Structures are given as C-alpha cells and as structure tokens.
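Order of writing sets the labels: A, B, C, D and E. Residues in every chain begin at 1.
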Amino acid sequence: MATLIQQIINGLSLGSIYALIAVGYSLVYSILMFSNFAHGGFLIIGGYLCYFALNSAGFNIWVAGFGALIGAGFAAVATERLTYKPIRERTSVTLYLLIASMGMNIVIENIFVIVAGGRFRALPPVIPTTPVHLFGNATTSALDLISLVTAFVFLGGLQLFLTKTKWGLAIRAAACDLRVAGLMGVNTSKLISIVFFVAGLLAAVGGIFLSVRYTLYPQLGMITIKAFVAAVIGGLGSLPGAVVGSLILGLAEMLTAGFLSSQLRDLVVFSLLVITLIVRPTGLFGKDVKEKV
Amino acid sequence: MTAILELDNLNKFFGGVHAVRDVSFSLEKGELAGLIGPNGAGKTTIFNLITGVYPLDSGHIVSNGKEINGLRTCDAVGLGIARTFQNLRLFKGSTVLENVMTAGQRHHRYSFLEAATHLGRWKKTEKTIRDEAMEYLEKVNLAKDADRMAGTLPYGHQRRLEIARALALRPELLLLDEPAAGMNPEEVQALNGLIVGIHKEFDLTILVIEHHMELVMEICPHVVCLNFGAVIAEGPPEEIQGNPEVLKAYLGEEVE
Amino acid sequence: EETVKIGYLAALTGDWAAYGQTEKNTAQLAVDEINAKGGIDGRKVELVVYDFRGRQEDAVNAVRRLLEEDKVSAIVGANASGINIATAALVNRAEVPQIGTVSTNPMVTVDRKGKVRPYSFRICFTDPYQGKLIAWFAAKELGKTKAAVLYDIASDYAQGLREFFIKSFEEYGGETVADEAFKGAQDVDFRAQLTKIREAGADVLVLPNMGKEMALIMKQARELGMDDLVFVGGDGYAEFMWEIAGKSMENSYWINHVSPSDPNMAKFFEDYEAKYNDECKEFVNGILGYDAMYWLFDAIDRADSTDSVKIAQALADTKDLQLHHATITMDEFHNPLNKDGIVLIAKDGKGQFFKKIKPE
Amino acid sequence: MSAYAEGIFILLLINAIAAMGVSLLTGFTGIFTLGHAAYLALGSYTTAILTLDYGIAWLPAVLAGGIVAMVVGYLIGLPTLKLMGDYYAIASIGLAESIRLILENWQSLTNGARGLAGIDTFTTLPVALSFFIVMAIVAFCLINGRFGRSLKACRDDHVAAALLGFDVAKIRVASLSISALYCGLAGGLYAGFISFIQPMMFDMLKSTEMTAVVVFGGLGSMSGCILGTTVITMVTELFRPISQYRMLIYGLVLVLVMVLRPEGMMGQHEIGGLLKRLFRRGGDRS
Amino acid sequence: MDGKKPLLSVRGLEVSYGAIKALLGVDLDVYEGEIVSVIGANGAGKSTLMNAIMGDVARQAGEVSLDGKPLSSKSFQVVHQGVSLSPEGRKVFAPLTVEENLMMGAFPRQDRLEIHRTLAHVFELFPRLEERRQQYAGTLSGGEQQMLAIGRALMSTPRVLLLDEPSLGLAPIVIKDIFKELKTINEGGMTILLVEQNARQALMLSHRAYVLQTGRVIMEGPSKELLANPEVEAAYLGTGHH
C-alpha cells in the first residue's frame, strides 16, 4: 500500500513536470496547428541562460530566472520569425513546419553541444528539492509540488485568456485561417509572436525545473517528447487536456515501472499514444470537427 | 419503366438538427430532375446520403430495385452513381487529363505485375484510357487545357471538369450539386446546353441541385422542392413556380 | 620517414563527453611525448581522433573511416564495452588491432563461441573480476547483506557486471533483494525503481553504470529520503558526477582500476596540467588511455613495423611490460593478468583513494 | 573508387531505396510519416537474425526482411490509416517507437538495446546497385499508370476519390505496405553494410530524416527524392569527421530546406520531364 | 458627385500572380454613400481588385486611398482604417461557432454594447444564423456559410463594405432579401463596393458600375445607363429569367 501511494506520488510529480512543458506544446498547436518540436530547444536555452546568469554573471536567482524566461521567449519569437514565418507564407502544409521545428531542435541542441560542451551542469538548488514527507513513508520533493502549482497557475491564466478575451478568440480564428483572420483586423504576426513568446517563457520555466530536478545538458530537451505525447493524449490544442494527459502519462509510467517492469514504461507510453489516436484521434479533450462534404 | 432511384422516408439528424425529414421521391430511368430548396434545406445532405458519405438514420434508398442503405462511398460507382460537389473537389495536384483518366481507368484492367513493369497490356490499355479521357474533355470543351494543372483553371471550367470526370465513370445516374454556382448568366446558358446534351447522348438520369432558376425551370421537367429537410412540392416546373409554399419559402413572391 | 597512424575512438560529445575529452587529451599527450623523443624507432606517430558521441552506430562509422580512409595501423578506444563489441567484427575482419581502455566486459576480446578475437585487446581488468571485487567489498568490508542492483539494460557492461556481481555476492552469503533496470541514454527518472528498492529494504545499492545515470540515481535516492542506503559503484566513477549529484555523492564507494594518488602517476598529472591547464579530472580514463598508448608504442617498437598484423601479434605477446600504472602481461584471451582492485571513496567533493582489495 | 568512397556510394543507394518507399507514401499518397525508421529496423533485424542465428544466406534473408516489414506495415495500416493528416504522422511516431521498444525489450531474440554485432557485410556495391535499379524501375512503373493515379487521387481528395470508386482505405494500406517493403529491403541491405545494428539507430531522428529527404527532393517526384537523398547523404557524410558540427549542419540543412524550398528541389516534376521540356524548348528556338 | 472627393479611390492599380498579370492599371472611385458594382467575366480580376484594396494580395503599382489617406498594405490595418471585405468563397472559420465567427467580425470594434446591437441586427437579417448560433461554422450548409460571411463583414460596421459575390449559392429569396438589406444599410450611411456575377441585380441596386475585362476597366458609368447598354446586355446580363 505504501508503495502504491509512493508510486502514485512519483507519477503525479513526474506528470507535473510534463504538464509544464505540454502546455507549451498545446499553446503553439492551438494557434499554428503544428507540433513545435523546437520546444525542447527553447527549454534548454532557458536552462543555460539561467545557469550562466547565475554562475558566470553572478546574478541572483530572481534576476537570472527572469532573464532566462525573457531570453527564451525572445529565442522562440526569433525562431518563429526566421523559420516558421517564411514557411507559413509559402505553404499551408503544417508538416513542413513540424520538420523545420525538428531541425531547429537539432540546431539549438548542437549549438549548446559546441558552446557549452558536453559537460553536465547543475543549477544550484534554487528551487528547493528537499524531501517533503506526506503521509507515513511517502515522500515527494518540494520541487514537484512547486512545479505542479506552477503548471496549474499558467494553465489557468492561459485558459482564461483564450476563452474569455477577444484576443483569445482571435488566436483560435487565426489557428484556422491566418489570412482571413487578417481580414478581420487581427495583426496576426504580432499575435503569433506573442504566442511564441509565451511558449518560450513556459519552456524556460520547464527548463529551469528540469535542470534542478535532473541536470542540465544539451540533450535535456529530449524529455519533451514525453510531454508531447501527453499533449496528444490530452488533446492537442486543449490546455486542460495537456495537464490531464501529463498526469495520466506520469502515472502510467511510474505504475508500469513500479508494478510491471521498468523496461516497459516507454512501450506503455507510446502504446497509450497509439491507442488514444485510434480510439479518439483528437485526444481526451480535443474537439472533433468533422469535415463537411 | 422502373425507378432508377427511390428514396423512401429518409431521415438524417446532425445532433439536434433534423436535416432530412421523411423524404420520399423517386426518379424514373432517363429523367432529368431538379432538386431545389432554401439554404440548409438538406439538398446536399440527400446527395451525401445517396452516395454513402453520411450514414442514414432511417429510411430506405433503393437503386434499380436493390436496397442500398449503408452503402460504402466507394461502392456507389459500382451501382452506376456519380456526382459532383458543391465545393469543388478536383485532384488539384494532377493535370486536367489525369483527373479524367483517374475516373476512366476503372473500365480497363491490367495486372499489378504489368503495372510494376510496364510490360504486357500496359501500353495499350493506358492509351485507351487516355484517348477516352480526351473524348470526355472535348465534350465539356476543355481538351485544349488537358495538360494544365487542374487547380489553375478558372472556377467555371473547374465545374465542367468535375462533370467530365463524373461522366468518365460511365454512370447511369448523375448527381450534380450546384453546377452553375459562380457562373455568369452567359455561362449558365452554356451549361444548360451541356447538361441537356450529355443527358441525351449518354442516356443518363440526372438529378441536379441548383439555385439558378433559369437553369432548373428551363431544363428539368421534374422538380422536387425541399424546405427544412422535408419535401414541400414536387412536379413539373410550371406547377412548382406557382406553388404558394415554394414561392413563400424559396422563390420570393413575384416570379416571372 | 615512415609515420605510424593510430586511430583513437573517443566520445567527445554526448553523455560520455567528459570521459572521452580526457582520453583524447591524454592520448595526444602520449603522442607528443614520444614524438618529442624522436618517435618510435624513428617513426613519428600521427593520431587520428574521431568522435562517436557515445553511440555504437557512430563508433562503427568512425571505425570504418579509420580503416578505409585513414588506413590506421591500430586503434585505441573506446571506453565502453558495448562500443568495442560493436566494432570488434570490423577490426578483426580488417586485421587491425583495437585496445579498449576501460572496456571490461569479457565479450570485448572473445566472440560468442568463446574464442579469442585475434585483434581485440584491453588494458583493464574484466567484469567477472570486478563483480567479485564489488561483492567482496560490499559483503566483507562493509558487512552488507541485502543488496539492490539498478543497472542499465542498454549496456553490455552493466548487464554483465550485474550478473557477475550477483553471483559473487551470493557466494559471499549476501542476498540480492532488488534487481532493477533502466535504459541508459534515455531514462532520467529513477524514482519508480528506487521506490521498489526502498520497499525491498536494501542496505547497499550497487551501481554498475555510466556516470550520468549513477549520479542521477544517487541524487533521486536522497531526495526520496533514502538516507541510510550505501552506494557502491563500478568503474564508471567520474568526477563530473559531483556536478549532478552534489552532496548525495558523499561517502559512496567505487571499485576501480587506478588511484588518483598513485605516486607513479604524479608526473603524468603534472604534465597534463601543464599542457591543458586543467587537472585531469577523469583520471581513470586519463591514466588508462595514456598507458594504452604507451603499450601500443611498445608493441610497434617490438613489431618493428607499421603492419597491423605484426603489431597485433606484438600486443598479444606482451609480457611483464612496465607501464606507468602497472606492469602488464597478456593472457590467452588478451586480458592483462593480475590487475589491482582499488576502492575509491567519494569524499569532500572528490574521489580519493580508500584502499586496495584482493578478494579470496 | 576508394573503399571509403565506395562505402558512401553504397549508403547512398540504400538510402535512396528507402527514400523511394517514403516518397511513394508521402509524396504520392499524401500520408506523412514520422516513423518509417521502424520498417528499416524490421528489415535489418530480420536479415541480421536470419543470417546470424539461423545461418540463412543473405539474399533470402534480405527478401524476408522486406516481407516482414511489409506485413507489419499492412497490419499497422489497417487500424491507423483512417487517421488523416497530422494525426497519422503523430501516430506513426508512436508506432515506430513501439516497434523500436519491442525490439529493445525482446532480448532473447534481438539482444535488446545492446544491439547485434558481427553481421556479415554482404552489401557490396554490385549488390546495392542491382537492388537499387530493380526497385527504381518498379517504383517508376508503379507511379506512372493506374496505381499512381489512384494514389494521387487519394492524396488530393479522399472523398472525391472514394466517389470514383476507389477504396481509399485499401489504397492507403497498399501504399503503406509497398512503402514498408522498400524500407524493409533497405534495412536488410543496411544491416549487411554497417555490420552492427541497434534499436537506437532507428529512432525518431532517423524517421524524420527519411521524410525530410523526400520533402527536400520534392513531394510527388521520384527522381527528386533520389536527388534529395544524394545531397543529404553527401552533406552528412562529408561532415562526419567534425562530428560536433555535423549534427548542427544537419539540423540547419533541414531548416533551410523547409524555409527556402518547401516545394522541394524538383517540385512535382520528374527529371525526365524537365529534360524533355528543356529539349523541346531548345528545339523551338533553333 | 462632381467636385466631391471620392471616399475610396483606386489609381493605376496593378497586380500579378507570378507571370500572370491580373490587373493592369485599374482606376476606380467610390463616393461616400454610394453603392458601386463591379461586373465582368470569370477571371476578369474582380476578386483580385477587392483583395488588392484590402492589402490581402500585394499591389505592384498604383495607389489606394480612403478619404485621401493611403490605405495600408497590410490587411489588418486596412480593416482598422474602416474597410472590410466579405471574401469570395465564404472563408468562414470552420472550427468556430457561428456566434464566434460573428464576434471575430467585430474584432476592431471596442464598443461592447453597440456590438451586441449589430449582432441582433445580423440575426434579424439571417434568422437561420440565430438558430445555429452554437453550430460549428464548418458544418453549415453552403448558403448558410455565405450568410455568415456577409454577417461577419457587417459586424465591423465599416465605412466601406466590400462584398465579393455575396449571392453565390444562395436561394433566390435570400438573394432578394440581401439586396434589399444592402439598400437599407446603404441608406443608413454605409458605402458599398459590390462584385457580382448576378450582374442584372447588381446593376439594379447600385448607383454606378464598372465593367472589368482581363484586368482593365472597359466601361464605367451610372448603373442605369449600363443596364440599358446593348453591349453590356449581350455580354453580361444574359437573356434568361430576372
């Protein structure tokens, strides 16, 4: 029993890290309808910026953290302006964007391989990782609780923005037809930049959390593939879906590893992805708009 | 004479919307009939039901005496049914000629092995398919555009290409969904001629949805009018034009 | 004058970059030293280093290139059994010798049928012995009875060492209460396995893996509140682990090939520092990479030829060769005989010599 | 030719066979995949296991690899190819990872994540070249003619295609199966070239590369995909010695290809067609 | 109109798509309070003209101005300057509901209360839309989508409303209603530029008209005169009904 509780806690805490990242995926998907695999890249940009600001420039954590968020936000905007925008203007096939984003991810990762080297860096425990005892033997770390709360705060804010403001509506309209959204008076370039800025910011938050929880190295962005799977399971484009999907995925992983076999955990993750798509292509919370003939 | 198509009490719901309501009518072989009705009356939906694009909620569709409810879309052609679309659905990445060949090839066979090697019957068969497709293009007056990409044709021409593609299937029953949409009066006139022409030449049964009354009233001896998913009038054009319900729901008071 | 081309297979990027960068540096140091002395019997040495990013696929490609394009006389590296096993077929077909630096799995030098691979060599001890060292240390020196193993299923080395350890530990009367796996280079979260280990009541956790994963495991174990668990690791010990695991590293034990305070190596450390302005942090790889080069120089000298077949013969015939860290003699399976087992302890932020052990 | 140049040429031919498979599916049927490395994996594992453990000769082993990939492609296609657009692409990531993970976990057969070493290197230049020529002829024949037209119909408008009597699901599955066959054969040849295989070699990066190559060459152009493969294989192989930069350059190439020429090098055209046109124009002038 | 300055003025407008020249120097004026129609055969460049005014396709040469001030070359700014378009082929936001589509039309406006009044007005004009308020626009019938597109353009209460083939696919009775409504809103002060295949009705409604042929204005004048012109009659009005 104690083990079960501990594994559930482990699962939720892993899920909360996924959630932070998955929300970013979903946000970009909700406007441009493509899966931005460069998200992992933004994440490590955030992580390294924070690391260098703390260690080389000697800033305090608040300044460093803030700088990292802004920096990653701008990196995301730059990526969008330099690579996605020209593609979007030439073709409407979103798969090209997807491939370009994978390319960007490789580029960013390897820029850090070259400039920061293959060494592992650890952020000082700016976010406390001390064990927190819940009930009995069950433990989690303070970091996990903070990351869960952060994920919910961002999610709530974004959700309100998207559903309650006219800019949110504009985002959804732009998602379906950028040109026509322009004809409605929406400055779509600016709108998209804002979305990417927020996505970059979210990625940086995820990057800092991940660097503290694990360690900082150029391939750290790889973990985002799980967050991506979570976003799909929850329903791409749905922010609550992203969070729910993440928690489900975290639980599935930990329970598989804990009670079946740790080798099978990724198999379970990807099988869940495939099964979800077959049963409900738009995920748990995605809405299914059928094409009219 | 037997009915080539019989609709018997068709019903279709989309969520709360009762899009098709107890619709029954039938088409005799060789008829040229019009289907009219206000926007959202359910006309396109009826085409979609006949061709199996949407499943039927209740009722029967009988073609040549055979019940074809729950037909798979791809089996419609096998029963001799072809259609065009309200929103053009051409193969935009293929040439005009290829569009028609794609339809026409079903009447000619060669084996997979021949396809993979271009040996045997391949060459001869391909030539036949091509020649036939050219004939259909000439019918709709597009032969000169055979090598253009389908998507670059002007709108009105694309509509005619859809008709040629449907004809190449050699159907018995042709369903046309707003073939004159976006055409100017001049072109509508030409289209009238085309429809009447193919109707005769290919011995077709045609059901056409249109909002251009100058087309329907001129060429369709049999007109069905829908409103809110239900048939409100059926008969020859003169009768329909004078039907007060049709006037009120669809044509507006004064009709010339 | 004829030069000798030697290939070096190093992980310069990826998870193992710290190990590989050090090896590359020490190999270059050895080459510079020998060339400064006029080369081997007048033959200058040329070093060709390729990165394999910690992946077999890249290693295989790099070796192909060394063999086909650079036509090297011998290859040194890599620093992991899996890499050497993957490349063994190639070098043996091409008849070019390859020396593994810390590649400890038996399969590095023998094939699936148990026959020695004529062109594969190593300078370190093997895992049956290492497994025994770990088991002896845990059972006899630390007095532990309930061991847990958490090993990398993607690694030939980890799978082998786990097996050898468990066998020996049971022979010494201990019990393996948890035997958990993960996937190296992919997994970063080990809390599920650690929870099971905690539940099993293990008193020692044996880590036969590469550095990054071991560091993350130790860190997460302490975060789960597993404060009393003692860590005993294999020869994957690396200084870069401190950066990841921090204080969680303190008081862990590591079975290894060499000691950082070996007086015979003092000059090496000095020279390294002078040349690279950096202390040779990953000293295990540093020392073994350095001596592997010297071993090869000696073999070339004895073969008196740049012909790879003759060099391989000379390597196989090595007997009582005095290198810097040890004196080596090859056995019939191309493994050096009677190498020391050294225990390091992680203390005050670095790895320190703890003791030398010799299990019965 | 030096042994090294020959090696690159063999690799190029193998990659081109795989690219033709992906091109058939993505370029001509309009189904984007991000998981075709899985079929490469199936082909190479089948070939490797048959030659290593069962002592079967390489040629039947390679053919068996192709067939295994094709059968798996067929079985996978049945339930998943009803997914359209992005959703199939995402599903293919999941499917490919699942296959890779099964290979990784089936230790008794595949030696798990550690991979299989010591595969006979039977893929010599003549072998690769003969396979390439045969497969290329078949591919070109298939796309010119009724099969090619039906693929394109399903690609451009699946509803209209269905109403022309095409069983879209069946055609999509057929296209995937043939495409898997190509990749399976390429995988078998690859195993016989590289001599060592490991599940990690067939990861998402590899799948993306396979699709990117085809996009680079031009969707809907067979000769384009061969050209694309040539360029990308050359670029990445040339930069292999400076491996830190190799991946960076590879990533940049992917991005630049998408940014500068999303329609690909050849657009929808075939080299033959372009030459013909050029020739005709030249003729007009004179 | 003599002496008055035009509200919307187009001078020497040229547009091409790659090698295809779609507009070759078009001049056109629309005065405050007018309805002006543009007629012409398929491919004459009517839609291109509308899109170029909006800045939705790039203008290669020429000037477009509103009230003497140049119109931006970015469509979203043009909307804020007071011109909006109901584009050819509906272009509704398929995954948004009918109501959300209409609210998008009101995007440039700030006056919440007034917006709801306009919404009520659109619903009055197209009761079908009110019934389908929460339906996804993509599942509407062709004609319903057309109504939505027109309604959406009305929602921005522009100074100049551009309509590209508003009657496409609509039932005769709805066309009549719409033309009536256009007259009413025009009388309420909105200036309208209208492109129609249904030339006769367009000419009957509008004050002035332009005839476009392969990218050039070949005729212009008061609609009444054009209606009576035998050339126009032969080429654009057809002989059939209406």
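We adopt the following convention: contacts are C-beta pairs under 8 Å (C-beta built on N, C-alpha and C of every residue); 3 or more make two chains touch, one makes a residue touch a chain.
Per UniProt, the chains are A = Branched-chain amino acid ABC transporter permease; B, E = ABC transporter related protein; D = Inner-membrane translocator.
Nothing here was measured: the structure is a model prediction, and the numbers come from that model.
S.K.: Would you kindly count the fewest steps from subunit A to subunit C, each step being a jump to a chain that touches the current one?
M.R.: Counted as steps through touching chains, the separation is 1.
S.K.: Looking at C-alpha means, what's the farthest chain from subunit A?
M.R.: Comparing chain centres, B lies farthest from subunit A.
S.K.: Distance from the CA centroid of subunit D (Inner-membrane translocator) to that of subunit E, rounded to the nearest Å?
M.R.: Taking the mean C-alpha position of each chain, the two centres sit 49 Å apart.
S.K.: Which whole number of Å gives the spacing of the CA centres of subunit B and subunit E?
M.R.: Averaging C-alpha atoms per chain gives centres 31 Å apart.
S.K.: Quick one: which residues in subunit D (Inner-membrane translocator) touch 2 or more of the other chains?
M.R.: In subunit D (Inner-membrane translocator), 104, 159, 244 touch at least two other chains.
S.K.: Two or more other chains touching the same residue: where does that happen in subunit B?
M.R.: Touching at least two other chains: 44, 53, 85.
S.K.: For subunit C, give me the residues that contact two or more of the other chains.
M.R.: 12-13, 153, 183 - these are the residues of subunit C that touch more than one other chain.
S.K.: Which positions of subunit A touch subunit D (Inner-membrane translocator) when the two form their complex?
M.R.: Against subunit D (Inner-membrane translocator), the touching part of subunit A is residues 33-35, 82-83, 86-87, 90-91, 93-100, 102-107, 109-111, 113-114, 225, 229, 232, 263-264, 266-267, 270-271, 273-274, 277-278, 281-282, 291, 293.
S.K.: Once bound in the complex, which stretches of subunit A touch subunit E?
M.R.: Subunit A residues touching subunit E: 166, 169-170, 172-173, 175-177, 179-188, 287, 289-292.
S.K.: Sort out for me which residues of subunit D (Inner-membrane translocator) touch subunit B in the complex.
M.R.: On the subunit D (Inner-membrane translocator) side, the touching residues are 137-138, 141-142, 144-147, 149-150, 152-153, 155-157, 159-168, 220, 268.
S.K.: Where on subunit D (Inner-membrane translocator) is subunit C touching in the complex?
M.R.: Touch list, subunit D (Inner-membrane translocator) to subunit C: 2-4, 7, 104, 112-115, 117-119, 121, 194-196, 198, 200-201, 240-241, 243-244.
S.K.: In the complex formed with subunit A, which residues of subunit E make contact?
M.R.: 54, 56, 74-77, 79-80, 84-85, 87, 91, 93-96, 100-101, 103-105, 107-108, 136, 138-140, 152, 156
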